[in-house]
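Following are the structures in question.
Next come two complexes, and both contain chain A; in the first it sits with chain B, in the second with chain C.
After this line comes the complex of A and B, so read on.
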C-alpha cells in the first residue's frame, strides 16, 4: 500500500514529463534538422545530435527569393515593434475611455464593432483590407501594415480587464478633487498601470511577430516581407530545400523562444487575464 | 433634468441634438482618447467587413471596379448549389466539433492534474512546455510538423516504427490528413485552454471542497460535483475561443495540406481563399459571409447559454 502511494506520484510525474517532452520535441527536431542534410535524415530520422554542426543551411539563406535575409529580419523587427507600440497606445486609451463612460453616444457602437471584427474570419478580412488599403493609398507601405496589425483583440481585452480591477473610488475621489479626465489618467491610472503596459507590450510583440497573411497580402513586393512570410514563400515553392527551410524556420522561431523563456510567467499570466470572462 | 425641462415646454429647451453635443463637448477628452482606436476599428475592421459583404452581392468581373454590377443573391445561390462547398462546410463543422471537444477535454484533464499536489514540483516546466506552441510562429512550427509527418524521413513514422506500431499515412491519405491537422492544431492550441482552466481552478472556493471532503466525498466525486460546476464560466469562454478559432482554421491548411489530398481538408476559409485567388471575388466573399454568420450564431448561442448558467 505504501509502495503504491509512493509509486503513484512517480508515475504521474513521469507521464507528465513524457508529455511535456513530446510538446517540446518539434522545437528540438527543428534545431537539429537545420544542421543535418536530407540524406543523413533519410538514414536516421530520430538522431538526437547532428552529425556535425554544419552551417551550410544558414549560409544558403543569405538570400531568400533574391532578397537578403537582413531585409526580412529588419522588416520583422520594425513592423513588429511599431505595430505593438501603436497597438498598446491606441487600445490602452480606447479601452480606458470605453471603461470610464461606456454609455456616451457612439461608445457602444465602437465596442460592438470591435467585437464583430474579432469574429470575422481574419484571413478573409485581409482580402477586403487589401481593397481599403488600395483606396486610401497605403498598399505596400509600412504605415498600412503597422496600422492594420495594431488592431489586436486580446490586447484590448487585457486592458479592459485591468481597468475594471481598479477601485472606482480611486478615480472618483481624484475627480472630486478637481482633476480633469486627462489628469485622472496620467496621475492616478498610469502609475499603477506600468506592469500591465509591459505585459501587453510583450504579448503584442509575440503576436505581431508571427503575423503573416496581412503582410503577404498588403506588402506589394518581397522586400516588405517579414521572416514568417519569407518562410511561407519558401514552403510554397516546390522542390524545396529542406535544410534551408529548417534554418529559416529556426531563425524565425528562436527570438520568440528566447523571449518567452525569459518572460514566461508574465506572458502566461497576461494571456489568461485577457481570457477571463467579464 | 429632462422631465424638469419638458414641464415648461415653452421655455428655451435644449433639443436632443443639443443635449448630445453638450454631452460630447463635456467629455471631449474621452472622445479624443477613443478616437485613434475607433479610427482603426472603422478603417481596418468595419469598413472591410462591410465591403466584403457588399462584394458578395456583386458579379465577379465587376466586383472590384467602381461600377459593380449587383446580382442579388446569385453568388450565394451558386455557392450553396456547389457540392464542393457543402462538402467543405460539413468538413469544417466536423473538424470544429472534434477539435473543440478534444482540446477542451484534454485541457481540463491536464489542468486538473497540474492543479493537484502531485505534479507541483514540475508545474512550471510542464506549463512552459504546453504553452510554448501557443506563442511561437505557426508558419514555422507547422512547417516543422509537415516535415515530421514526411513519409521518408519524418520523425513521426520513425518513432512509431521503433515502437513497433503501424505507420501513419500523414498527409498522403484523406482520413489521415484530416486527423493530422486535428493533432497538429491540438498541439498548437491546448496549452492556452489548459492555463485558462488552471487559473480558474486556483480561484475555486476551497471551503466547498473542504465541506464535501468532510462528508466523505472522494476526489473523483468532488471533481465532478464541486469543481466542474464552478468552472462553467471558464468552460464557456474556452468554448467560445475554440469555436471561433477552429471554424476559421486556415494557416495549418495552407502550410501542411493545401486542402488535400482530394479536398479532404478543404475547409471553408481555405476554399474561399482559393476562390479569391481565382479572382472569383463574389463567390469568395459569399463564402466568407456564410462562415461569418455561422461564427456569429454559434458565439451568440454559447454566450446565451453561459449567461443562463450564471443566472442560476
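After this line comes the complex of A and C, so read on.
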C-alpha cells in the first residue's frame, strides 16, 4: 500500500513531464533549427543540438519582402494591442448589457449572431470583408485591421459566462445603495472581474497576435503586414529558406511566450475563478 | 421611519402572475413579516416594494407618496439580502460607506454613522476586514450595518437568517428583535420560517400563490386562522385536519360527526352557510388534543393506536391513527410514557376545534 502511495505521484509526475516535453519539443526544435544551415537541416532534421550557433538567419531577416523587420514588429504590436483593447472593451460592455437586460428586443439575436460568427469558416469571410472594407474606405488602414480583429466572439462568451456567475443580489444591493448602472459596472462588477478581464485580455492578445488571413486581406500593402504575414512571405516562388523561416518564427513566437510565462498565474487564476463561481 | 401602503399590487412575469391584488398597510415602527411557502411570491413582493421589480399594476405608497416608477435608491429604503450581498473587494467599512459616498455625504457624517452602527452591532473590530474573512454571523451583522448607516425610512429583510446554522439563527433572531426595539424603525421581513414570523412580527402577512391569505398579529393568526392554509402553516407541529360531516345546524352552532365513528361534536360557529350532510374540515392543534390510555369501559373520545412517539425531552409528540385511518398528532408536555402500538383515546375539546368549509374557509365563531 505504501509502495503504491509512493509510486502513484511518481508515475503522475513522469506522465506530466512526458506531456510537457511533447508540447515543448516543437518550440525547442524551432529554435535549434534557426541556428542550423538549410543543408544540415535537410540531412538530419531531428538533431537536438545545432552544429554551431549560426546567426546568419537572424541577420538575413532584417528585410523581408523588402520591408524592414521593425515595421512588421511595430505593426504586430500596434494592431494586436489596439484590437485587443477594443475587443475587451466592447465585448465586456456587450456581455454586461446582455446579462443585465437579457430581454431587451434584439439581444437574443445579437447573442446568436455572435455564436454564428464562431461557427462561420474564416476563409469564407475573405471576399465579404474585402468588399466591406473597400466600401467604407478602411482597406489598407490600421483602423480597418484593428476593427476587424476586435471582433472576438470567444471573449464575449467568456465575459457572459463570468457575469452570469456574479450573484444578482450584489448588483441589486448596489442599486439600493444608489449606484447608477455605470457605477454598478465600474465600482462593483469590474473590480470583481479584474482577474477575468486580465485573462480575457491575454487570450485576446494571443489570438490576435497569430492572425494572418484577415491582415493579408485587409492590408493593401506589405507596410501594414504583421510578423505572421511576414512569415508567410518567406515562402516564395523560389522555395523556402528553412533557417530564416525558423528564425522569424522564433522572433514571432518569443513575445507571446514571454508574455504567457509572466502572466500564466493570472491567466489560470482567472479561469479557475470563473469556473468555481460558475 | 415611515408608513407603507400597498393597494391591489400585481406582478406578472410574462403570462405568469406572481402577485395578485396584494393590499396591505404597514404602520410607522411596525415589524411586519411576510411568510409563506417557497414560490408564494413573498420575495417578489419585497423586491417590488424595494423598487427592484416594477409592479405590473396597483399602487405602492411610502409615507403617503406613490413610489411606483421611482428608482430603488430614491425610495429611501435599505435592504438586507439573503446572500448578504457584501461587495467582496471592499472592506467592511468601505461596504458600509459605499451608499453614503454615492449620496455624497460629508466624510465626517459617514464616519460618524459607521461608528454608531458598528457600536450597535458590535462590529467595530471588523471594519478593516474583507467579507471573505468573516463568519456567516459577522457578514450578516455587516449587511445589517450597511442598511442602518443609510438611515432608511423602512428596512427590508429578505430571508436574512436562512444561510445561518440553527444556533446562530436563534441568536441573530433575538438580536434583530432587540435592534427593532432600539431603532423603532419600520421593518419588513421575509421568511418561510413560521417560528421567525411568530417571534419577530408585530403583524404577519401570510401569502400563498401570490395572494394574501391573512394579515394579523401572530396570536390572532394562530388562534383565529382565516382558512385551513393559514391554520396549517402557522404553528409547529402543524394543525391536524380531519373530515367532519354536518349533522345538525342551530342558532347555538352546528353538530358534526367526526372520525368515521359518528362521534358528534358541537361547534359554536355560524352555520348559516352550511346544510345538513355538508362535508367540512375539522382542525385542531396538537397541543389541544388530550390523550389517555384506552381503559376498560372507556368510550369517550376517538379510539386510536399510537404509530409513532417522538420524545423531545421537554415534550412528546404522539402520532396516533384512528379507526377511520386519520392520523392525528398530539403534543404533550413533558416525557410521556406512551409507546408505539398502545391503544389510546383522543379527546378533541370543541372549544379548541376550528371548523372549515369545503373550500377551506374558517366558519365564523359565535361569541
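FYI, the second predicted complex is superposed on the first by the 236 of 278 C-alpha atoms of A that agree within 3 Å, B and C clash if a C-alpha of one lies under 4 Å from a C-alpha of the other, contacts with A are read in each partner's own complex, and residues count from 1 in each chain.
Here is the rule we use: a residue touches a chain if its C-beta (ideal position, glycine included) is under 8 Å from a C-beta of that chain, and two chains touch if they have at least 3 such contacts.
None of these values were measured; they are calculated from a predicted model.
More chain A residues lie in contact with B than with the other chain of the pair chain B and chain C. By the touch criterion defined above, A:56 reaches neither chain B nor chain C. In the superposed model, A:7 makes contact with neither chain B nor chain C. By the touch criterion defined above, A:170 lies against chain C but remains apart from chain B after alignment on the C-alpha atoms of chain A. After overlaying the two complexes on the shared chain, residue contacts for A:232 are found with chain B alone; chain C is out of touch. When the shared chain is aligned, no partner comes close enough to touch A:143: not chain B, not chain C. Touch criterion met: A:179 reaches chain C, while chain B stays clear of it.
Applying the stated contact rule after C-alpha superposition, one finds that A:42 touches chain B and leaves chain C untouched. In the superposition on chain A, contact is made by A:256 with chain B only, not with chain C.
By the touch criterion defined above, A:192 reaches chain C but does not reach chain B. Chain C makes touch with chain A in their complex at residues 47, 50, 52, 71-74, 77-79, 81-83, 85, 87-89, 98-99, 102-103, 146, 150. For chain B in complex with chain A, the touching residues are 20, 23-24, 27, 29-31, 33-34, 36-38, 40-49, 51-52, 55, 64, 113-114, 118-119, 121-122, 124-141, 143-148, 152-155, 157-159, 162, 187, 191-192, 195-196, 199-200, 233-234, 236-238, 241, 244, 247-248, 250-251, 254-255, 269, 272-273, 276, 281, 284-285, 287-288, 291-292, 295-296, 299, 306. Against chain C, in their complex, chain A makes its touches with residues 167, 169-170, 172-179, 183, 187-188, 191-192. Against chain B, in their complex, chain A makes its touches with residues 8-9, 12-13, 16-17, 19-21, 23-27, 29-30, 33, 38, 41-42, 45-46, 89-91, 93-98, 100-101, 104-107, 110, 113-114, 116-125, 127-129, 131-132, 136, 147-148, 150-151, 180-182, 185, 206, 209-210, 212-213, 227-229, 231-232, 235, 242, 245-246, 249-250, 252-253, 256-257, 260-261, 264, 267-268, 271-272, 275-277.
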